[in-house]
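Below is one structure. I have some questions about it.
In this document, chain identifiers A, B and C correspond to the written order of the chains, with residue numbering beginning at 1 in each.
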C-alpha cells in the first residue's frame, strides 16, 4: 500500500520546525508503524538526508518510550495501543498520515518527534514512592492486602509514563499520570504513612512543571494505552483536598 | 601452555591461547549454608561518615542497576548513575512478563532455599558456581519482603495473601507475579526507590547518556567515558568504583526479544580494558515468540510460555504444504512434540521445543511467511474448555497476538517461532561480583554468574534484584574500605587516552560516509549468527561464521554511512557505535561456541548429542566456566578456565524423553 | 489554605464549590420565576417578599443583600479561578498541533470556557435589565411582572435570554459532573454514569424552567 507521511521535522530544541511530506510506496500492512519509519529512515540515510528522530525501545508496548501524535490522536487511531504496537493495516491505501511530537510546554522538543519527558521523573522524585530502606522490610505476609485494593493498585501501577495523557489533554494536564501513581500507592496499606505528604508534594511538583489543569474532559483516559481510568483523577482530587485540609505536611 | 585452533579455510588463524586457570578467591569455604553470612561478616565496613566521600558509578537502571543505585545512595555513598533511555524507568527489565522466584514456601509444598538452589544448579545444566547460586536462593526471600514493602502490587488471593504459581517446569509454586507484567512492577518499585535517592541528592542521575569506555588507572576501574546523547558531548566521570548493570547481549542477533537499543557496548568495552568475558555462547532461546512477518521486522515479541499448557504444536506432514491450516486434515498434521516426546509432549523445556521447531522448519515444513513458524493450535482446547474459558485464561495473550499479526487466534491457529531471549554469559565475576579488573563490579544479566548454561523461568528478575539490593552493597563496601585509593583525575593520562579513543571512534564512524546503513550490517550479522550460532551449532558452521565476521567488520568500517554530526542527537551514530561493538563481540561468541565442544543448556552442539538427539554434556572436559581475556580485535583471546566444583549437587544428565 | 489556593486542584475545587453554590441559587431562582404563571399580583408579591425575608431577625432587605454579596463572591472567585486556570492551560501548550486533536469529549465539555464567557456577559446584561432596570424597556421599580413581560415582547431580548439559557444548560451539564469529580466524588465508572445522568437532568430542568418564562410571554400564556 501507499501512504503519504507528513512528519514534523525540527533539527534542534531552539530551531523552528515544519511538516515535511514523504511518499511511502511500498508499505507492508503487517509492518508496525515504527518499522515503517525504520524503512523511511534507511532510505533517508542512503539519500544523505537526516533520518527522523523518534524515541522507541522495547517495541512491545511496555517501556513507554515511543509516542507520537498521529492524525491528531496520541499513539494513533487504535485504542489501548502504543505507537510501537500500531500496525499499518490500521490505515488505508492512499492515506495522508500527519505525525507530530507530543506538544506540551513541560515536554520541550529535543529533535523531530523526540521530546524531553523528565518532568515526569521529577514528579515521581517528589514523592511517588514508599520510603523503605533496603533490608528493613517486614516479612511480606505480616500485612495483608485485600484483593480489591491490590487489584486497584495494580490497575493504576500499569501506567507506562509515555505522556499520551498530556499530549491528548486540551489543557496539557498531567493529572492522569499523577493520579495513577497516587492511586497506586495511596490505596495500599504500605502507602498510608506517607499518604498526605505524597499527594501534596506530587501535586506541587506537577504544578511547578507547567502542566495545565484538569477540566475533566476525559481525553487522557481515551488516549491512554493502558486504560488508566478517569476515576483515578477523582481519587487524586479527593486525596489532595483531604491532605490539604488535614493540615499535615 | 598454548593451543591454537585455526579456521578451516586456512586463512588467518582464528583461535585462542590458553592461560592460567582462574580461581574465585572471594567465596569462603566451608558449609555452603553459611558462606554468605560469613562473607558479610568478614567484609570490611566503610564508616557511615566516610561513605559520602566515595563516588560510585552505576551504569544502567534496570532491576539490578536501579536497585543498586537506590541502595548505595541510601547507605550514603555518592552515586553517579547513567542510562541511555530518557528515563531510568524504561530499562528493559520492564518487559519481563512471567514472575519472580523466591523460596518462601508459602504453599507448604516442600520448597526451601536448598530446593531453589538445587533447581537452579540443575536447570543451569551444571555450569554455574554453587556458592553464588546458593546465595541467590537465600536472598530471594528478602527480595519479596522488600518489594512488597515498596508497594509492588503482586497478585493476591481473596484472603489478602500473596498468590504464587509454578513456572518453568519446577514442581513447587514459588513464582510471585503481577499479572503478565511482573518485570514492570518490580522495575517501577526499584525506579521509585532510586527516584527517592535522586531527590535526596544521593544519586546524580544522567539519563540519555551512554557509556563509551572504562577508565582503568593502576589496574583499577576509576571511571567511565560517557556521551550525552542529546548534545553529543563526551565527558569523563571519575569514581572510586564502577558498577556495570547494562544487561545482556541478545541484540547481537539483531532479531531478539530485547529492546531495540539494548546493547553490549559497556561490557564489551570493559572486556577490552581487561575484564574477562565468560561463557558468551550461553544464549537462551524462547520457543513461543511471534514469527517475523517480513524483512522489515525490527524485533520479536515474546508470548508467555504458559500457552503451551493448552495449545498443541504442529506442522504439516508434507514439506512445502501451503494450504491454510483449516484445510489440512488431521492425518496430514504432525504434532511433532507429542510424537517425539510422548511423556512431556508440548511441555518439553524451552531449548528442546525451540530446536524441534527449527528442525521441522529446516525440513521445509514451516508455516507462514518464509516458512519460519509452526502452529500453536487452540482448536482442541476451545472444544474441550469452551471459548470463554480459553478467553479467561489467555485472553490478553490472544489480544496481543491479534494486535501484532491481525489474525484471530480463536479462529486461526497462532504461529510461533523461537527467538533469542536472554543471555546467560557475560563478564566474569567472583563471589563479590567483582570482575577481573578490581573496582569493576558487574551485576544482573551483564555478568555470567548464576544461571550457568541455562536460566530457569522467573529467575532473571530474582538475580537482578538480589545483586542490586542485597549482594553488591556489602561487597562494594568491602572493596572501598580496603582499596586505599588515591584521588583520580579527569586529566590523568589514562582518562585522556580513554576519552581520545572514544571520540576518535565516533569520528571514524562519521568519516566513513559509505553506502550502507548501520542497520543493514546489523541485520546481516544477526542472520549469520542465527544461522550458524543460533539454536543448534556445529563446527563447520561456526568456522564459517568465524571466517565471515571479520570480513563483515572490515566492510562495515569501509562502507557504513552515518549521517549527521557527533554534536547532536544522532540515533544513527548511537546505533553504528553499538553495531561496531557487536561486530567484535560476535567473534568471541562464535569462538566460545566452537571451543565448547559439548552441548549444555542453551548451547547445543550437533556433534554432542545422545542417540535420541538430546544435549550431551561432557563433564570430563568442560565442567568449567570459560573466561576470555581480550588481546586485540581479531587477535586470539586467552582462555582462562574456572573449574567448577560440585560438592552439594551431583552431576546428572537431563532427560525429557 | 494559601497553598491550596495556589494549586491547580485547589483552584478547581474553588470553582466546583462556587459553581455548586450558584447552582443552588439558580434552582431557587428558577422556581421563583415560575410564579409568573400565577399572575401579576402573586409574582410581584413574591418579588416583594424577597426583600423582607429574614425580618424581623434581620433588617429589611438585609437577607437580600447578604445573598447578593455571597453570590458576587462566588461569581468573582469562579471567574478569577477560571481565568487563572485558563491562562495556565493555554500556556501549557504554547504550540498547538497542525492536525487538530480529535476530541472524544462532548460538546458541552469542549465549550466550557466559551460558554462561561457568554454567561458572564449575560449576567451583566441581566442585572442591568431586571435589577438595575436601566436596560429594561419598561423599567418601573416594583413592577417586576410588567418589566419581565416588556422584555420578551422584543424578539431580540428573548433571543438573548434563550441563547444564554442554552449556554447555561451546557455549562451545567459538564460543570456539575466536573465539580463532583473535582471534589473527589466520582470514584468508579458506574458512579460516573450516575453523576453524568444527574448533571444532564439538572441542566435540562433548570434551563427548561428558565426558558418557560420567555416562551410563556411570547406564546401569550403570560401577558
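As a working rule, a contact is a pair of C-beta atoms (placed from the backbone, for glycine too) under 8 Å apart; a residue touches a chain by one contact, two chains touch by 3 or more.
Just so we're clear, the structure is a prediction, and the values are computed from it rather than from any experiment.
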item: Pairwise touch network: line, ring, star, complete, or other; value: line
item: Nearest-to-centre chain - CA centroid comparison; value: A
item: Longest centre-to-centre distance from subunit B, chain (CA-based); value: C
item: Two chains joined by the most C-beta pairs in contact, as defined above; value: A-B
item: Centre-of-Cα separation between subunit B and subunit A, whole angstrom; value: 28
item: Geometric centre distance via CA averages, subunit C-subunit A, whole Å; value: 37
item: Distance between the centres, which are taken as Cα means, of subunit C and subunit B, whole angstrom; value: 64
item: Residues of subunit A whose C-beta touches two or more other chains; value: none
item: Set of subunit C residues in contact with two or more other chains; value: none
item: Multi-partner residues of subunit B (each touching 2 or more other chains); value: none
item: Subunit B partner contacts - residues on subunit A that touch it in the complex; value: 11-12, 28-32, 34-36, 38-39, 41-42, 44-46, 48-51, 53, 55-60, 62-65, 78, 81, 85, 87, 89, 110-111, 114, 116-118, 120-121, 124-126, 128-141, 143-147, 150-151, 153-154, 157-158, 160-161, 184-185, 188, 190-191
item: In the complex, subunit C residues that touch subunit A; value: 1, 3-4, 6-13, 85, 88-105, 109-110, 112, 174, 177-178, 180-189, 191-192
item: List of subunit A residues in touch with subunit C within their complex; value: 6, 8, 19, 69, 71-73, 98, 100, 103-106, 168, 170-173, 200, 203-204, 206-207, 210-219, 222, 229-231, 233-242, 244
item: For the subunit B and subunit A complex, residues of the former touching the latter; value: 67, 70-71, 74, 85-92, 94-95, 104, 106, 142, 144-146, 148-151, 153-162, 178-179, 181, 184-185, 188, 191-193, 195-196, 198-199, 205, 207, 230, 257, 259-261, 293-294, 296-299, 301-302, 403-406, 469-470, 473, 515, 517, 519-520, 561-564, 568-569, 571-572
